[in-house]
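This is the structure I have questions about; it appears just below.
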Amino acid sequence: MRSYNRYYNELRPVEIIAGYNKHAEGSCLIKFGETTVICTASLDEKVPQFLRNTGQGWVAAEYGMLPRSTGSRIQREATKGKQEGRTQEIQRLIGRSLRAAIDLKILGERRIIIDCDVIQADGGTRTAAITGGYIALCEAIKTMIHSGIIKRSPLKTQIAAVSCGIINSKPLLDLDYNEDSKADIDANFVFDGFNKLIEIQATGEKTSFNEEEFSELLKIAKEGTQKLLLKQRETLKIMS
Amino acid sequence: MRSYNRYYNELRPVEIIAGYNKHAEGSCLIKFGETTVICTASLDEKVPQFLRNTGQGWVAAEYGMLPRSTGSRIQREATKGKQEGRTQEIQRLIGRSLRAAIDLKILGERRIIIDCDVIQADGGTRTAAITGGYIALCEAIKTMIHSGIIKRSPLKTQIAAVSCGIINSKPLLDLDYNEDSKADIDANFVFDGFNKLIEIQATGEKTSFNEEEFSELLKIAKEGTQKLLLKQRETLKIMS
Amino acid sequence: MRSYNRYYNELRPVEIIAGYNKHAEGSCLIKFGETTVICTASLDEKVPQFLRNTGQGWVAAEYGMLPRSTGSRIQREATKGKQEGRTQEIQRLIGRSLRAAIDLKILGERRIIIDCDVIQADGGTRTAAITGGYIALCEAIKTMIHSGIIKRSPLKTQIAAVSCGIINSKPLLDLDYNEDSKADIDANFVFDGFNKLIEIQATGEKTSFNEEEFSELLKIAKEGTQKLLLKQRETLKIMS
Amino acid sequence: MRSYNRYYNELRPVEIIAGYNKHAEGSCLIKFGETTVICTASLDEKVPQFLRNTGQGWVAAEYGMLPRSTGSRIQREATKGKQEGRTQEIQRLIGRSLRAAIDLKILGERRIIIDCDVIQADGGTRTAAITGGYIALCEAIKTMIHSGIIKRSPLKTQIAAVSCGIINSKPLLDLDYNEDSKADIDANFVFDGFNKLIEIQATGEKTSFNEEEFSELLKIAKEGTQKLLLKQRETLKIMS
Amino acid sequence: MRSYNRYYNELRPVEIIAGYNKHAEGSCLIKFGETTVICTASLDEKVPQFLRNTGQGWVAAEYGMLPRSTGSRIQREATKGKQEGRTQEIQRLIGRSLRAAIDLKILGERRIIIDCDVIQADGGTRTAAITGGYIALCEAIKTMIHSGIIKRSPLKTQIAAVSCGIINSKPLLDLDYNEDSKADIDANFVFDGFNKLIEIQATGEKTSFNEEEFSELLKIAKEGTQKLLLKQRETLKIMS
Amino acid sequence: MRSYNRYYNELRPVEIIAGYNKHAEGSCLIKFGETTVICTASLDEKVPQFLRNTGQGWVAAEYGMLPRSTGSRIQREATKGKQEGRTQEIQRLIGRSLRAAIDLKILGERRIIIDCDVIQADGGTRTAAITGGYIALCEAIKTMIHSGIIKRSPLKTQIAAVSCGIINSKPLLDLDYNEDSKADIDANFVFDGFNKLIEIQATGEKTSFNEEEFSELLKIAKEGTQKLLLKQRETLKIMS
């Protein structure tokens, strides 16, 4: 039996509270079941070195976990003095995914930083971060237009992401931590608003997989993402 | 006019949601007005080197701020590769304060780590962290007793803390960020459950101060803390 | 025109010199065209903390680039004091991929570290590292059997990897640096010796992609990997 | 019996050798009994980022201990790769305290760095550092006036500091290491030249304390500081 | 019996492959017996702070060892987060030695970075790095002249280096690892193209030494270096 | 005219105050003219990994400079987060030199750490550190014998060091900072108590040098060191 009594191709309950943070240009708290992530979007007038004097902007992401967001406490990266490989891998994925939402020329020579901080982890933190990061990004764009920083929206498309995996030969959508730790194959899919692919990451550490298995995962991921895209649109409608 | 229409000696609305985190042995979300801190208490069976084989335990604290908990984004300490001096100063204060609540011999050779992560900052984050950290600590003690790890409670007293300051020669309790940045004198007081002092930190960076001014601050701090101690007792009653 | 006058679905010339390093338990120098990587496999009798007393072993990878392996010199990570996110992402991928080749229980409580150091980069360094890392791993296993450290081989399957991408709507196998920098879609595929999938990473930073495009990439990657698997088998035959 | 045969409200012998370092704009060696600190003041024409183009200057402090300044050798922070929390807490205190001596507008957009290095520690290193740092600061101001860098002195007041504590319910002034390690309450007071308060830090890690106890500490600290202020004035008179 | 059946005053076989790296302005792979080092020279248009606006250039060196260049794997300095003392000592020696080859005024305000990466270590890595670094430097100068960056060559002289030592009272030239670990006295000599000395480093950790012993080492080092200088000239002739 | 009106082959006034630090097993303050270094010797019951269970001990050194020991303030290595290459080079030299004084088997499986902290720098800090470090080491040995930790002295010989150089073709002994910055050739010599060589470091960054020039340096260094060895013996006589 899956958590929340779900079918194999169902998402956990999704909750998005936009405008969660009073300081940030954009923000939300997003929940995929018990996985809880705070996403903020901050405007920074400086771009990375390689974009100086190009007229083009950037979207970057940073990801962190509160030490006790997990079952057993993990050491704070600030005391360790460095970010783990997993952290860097995830924040690079979030950044790449959300840059796909934005026309960087229209954004102009400025940077939006998406901070995704996991308050509570129960599987799917990176896909929740991408899905919630998109909402924070939209709100920041709105703020920037209202304050006259940019004239028109650089948003090209929506972005949402979902995880899935195969357990005992069965494909399952939106794994919680318990499922994730038992999965033979583990995959994350990022889609845009036209339901086209932005990123695929599929790993078979316990076993290899074939094209058919991969196709099944892609299929349920695509369906699940459509629901996330819908939820995002509802959230943004309320905001505007 | 002060925020929330307060008198000089009034606290902002205080909200404490105990058991905020499903993984931690103890946890709460605490709000002093718009200042929001998540406190978790984690049990660690290892003690610091200097306590090995002494039969005595330890309470340590770590403090962090989400990058966009503040008006302008601050760099993530995990990417900077080190904790700032201010962070270390604060987490040492929290640790010292909460150790005063505990009989370390009864706790036995184990460590409780209090993580205080600021979700949103609006002045008084360290005093909110101490006050909320105490709730997380109590809940962790309860968990440890229920699971048979310890037989009786090592709790000796309650601990709560409040900030205050002097602006234009007037003492003010529980400064928000706007007040804090204008304060001539800035002080933090930590009290125990018998309303005795645990720690005083008072600084006059803009101007010096005399004993009378200090006494006034101490007076309103003591009154304010009594309300926090009451609020803590109410929270703990609901929990039990 | 592609480098080496290749068709869209052809690999660059592949060269593998096994036993390149006199000290390591296993090693090779591998070339994919002008991309040159030295792979060594080192036996370490200690396993990571989470595997202590489980009887199970581990395979880990580390990746580095010589400062002038690239067109413009990159700062040495040792002087920077940390490994970049890209480095960590790649070494995690290599480690995951090569662990799929090994029965970790048969390996026993010891660790094999695969070091992949890029001498010269021209696209595809991570796939060359995985393909060459497999050879180093095999040689190390052989060394361990000869010296009586293990009784039977923990090798379950072969592992090889290839990159591909889409440029101007055309799928291309084994991109060199020049192609890679122009690719709309960029993908890396890791296969095992039965031509089943171990890992997929596909990214569309410049544009999104659909299932048909992805299928074409998968198809040429599969064909290309078969040639790499053959080349590996030839190399291993000479070694034995 | 206290060291140097002192009454509860007496300081250890204080020695200040101004101009101890031939390179620094200002310097002294200060001794509180066996506690020995070298303080230097260095002029730096750059101010921190947040003061650029404000016309205002800054006073910052750094604190260090020689590895064998203490009973058992402590690890060199330079080899550890970071400053401990205690170090940062202390150098922030020294900096805040000495800034109170200076009109930062008159100083102009430049920075004075006070380095306090403990040659031998026997309790009270931070208060010796503040008291000696003030002498180094004065000498640096004099140097700057002589060399025409500033026209008039930005000095507003004197600054001196003393520690005290409660052992077995008795207040004691200027604790040596032996007393410090037995103290129930431990406090540091910083005063200006008008005997007004600049900073109070009082901690009761072993036990809580009440207002009366605190008042007694404040009283002996005030008296002790008056003697330090006098000693500073004598030293400065000789210098000029 | 020495490796390669050598007399006490003979070098191991020396091999230099110039132009080993396709990206660098200059490069070579150099072998002293089984010791293998890749040297690259990279042009950097920025000079260190202390040379800004002096019209003068700089030559700097960095040194690294692949983790398994040695008999037992050494930890990667990039994962350790810092360069070892030995690494820094060696790269400072290489930089000093090669700066002696160059008229820094003719070079102009730019920097050449010599990266020396040890692929396989068997004694004498620092002297191989200096000898090979000189070849990379020459090739880079040639590249800079061809591309019009500089008008005339800043090369003043050749630079080559060799190690030697005393084992059982006998002087030996060009120690391999096995000899190095048994040597009583260990010395490195750097000579210029006129066979004059640039640097001497001689250490007697196991025993002290007298002038006569030192003179014998100097004598065989001088002879050995003449052969290296010849080898360099042959290599450079082929290059031009 | 040289400082202190010296001939080319004369030392600056040397002052050694043994027992300068009350905590250390051994210590001294040593002055070579205005160069001032505090040396302490600390006993550590742990040896480095590679000596565990060998019955053999170790002597290690650490070197540091106070930020304002120099003409312009240098950044504190503890805030920089790492030791500079120069620091590491020097402390390795001090350690190697002082190990030559000790029979490590008689010392037994323990470590003596020599900390050399430069209070004021005016040329020759590393040679002052070696010469003073020897005194601290002797005092620590005496302390260890008195307290019964070792039964007989592991001291084999005396160790002293001196710098010299060539300016305008003239050899000069014991360079001060002003001379050092003008020297064409710069050399450091470490001798033992029998006036035999322990270490030679000679560098010609501005120009090359020949055997005759080197011999002259060696000659005056040897004479100068004899005076230092005498001074050490006088100091140790007073101590005992």
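First chain written, first letter: the chains are A, B, C, D, E and F, and each begins at residue 1.
The rule we apply is simple: contacts are C-beta pairs under 8 Å (C-beta built on N, C-alpha and C of every residue); 3 or more make two chains touch, one makes a residue touch a chain.
In UniProt terms, the chains line up like this: A, B, C, D, E, F = Ribonuclease PH.
Everything numeric in this text was worked out from a predicted model, so none of it was measured.
Looking at chain B (Ribonuclease PH) and chain D (Ribonuclease PH), no chain is in contact with each of them.
Hopping across touching chains, the smallest step count from chain D (Ribonuclease PH) to chain E (Ribonuclease PH) is 2. Common partners of chain A (Ribonuclease PH) and chain D (Ribonuclease PH), by the touch rule above, are B. Interface note: chain E (Ribonuclease PH) and chain F (Ribonuclease PH), two copies of one sequence, contact each other through mostly matching residue numbers (shared numbers exceed half of all numbers used). Comparing the centres of all chains, each the average of its CA atoms, the largest separation from chain F (Ribonuclease PH) belongs to A. Computed from the mean C-alpha positions, the centre of chain C (Ribonuclease PH) lies at a distance of 32 Å from the centre of chain E (Ribonuclease PH).
Here the CA centre of chain A (Ribonuclease PH) is 28 Å from the CA centre of chain C (Ribonuclease PH). If you average the CA atoms of chain C (Ribonuclease PH) and of chain F (Ribonuclease PH), the two centres end up 50 Å from each other.
Annotation for chain F (Ribonuclease PH): residues touching 2 or more other chains are 81-83. All the chains close into one ring, and from chain A (Ribonuclease PH) toward chain B (Ribonuclease PH) their sequence is A, B, D, F, E, C.
In the complex of the two chains, the chain B (Ribonuclease PH) residues touching chain A (Ribonuclease PH) come out as 21-24, 27, 34, 38, 40, 42, 44, 62, 64, 66-71, 73, 76-83, 87, 113, 115, 117, 119-122. Within the complex formed with chain B (Ribonuclease PH), the residues of chain D (Ribonuclease PH) that make contact are 82-86, 88-89, 91-92, 96, 99-100, 157, 187, 191-192, 194, 196-205, 208-211, 214, 218.
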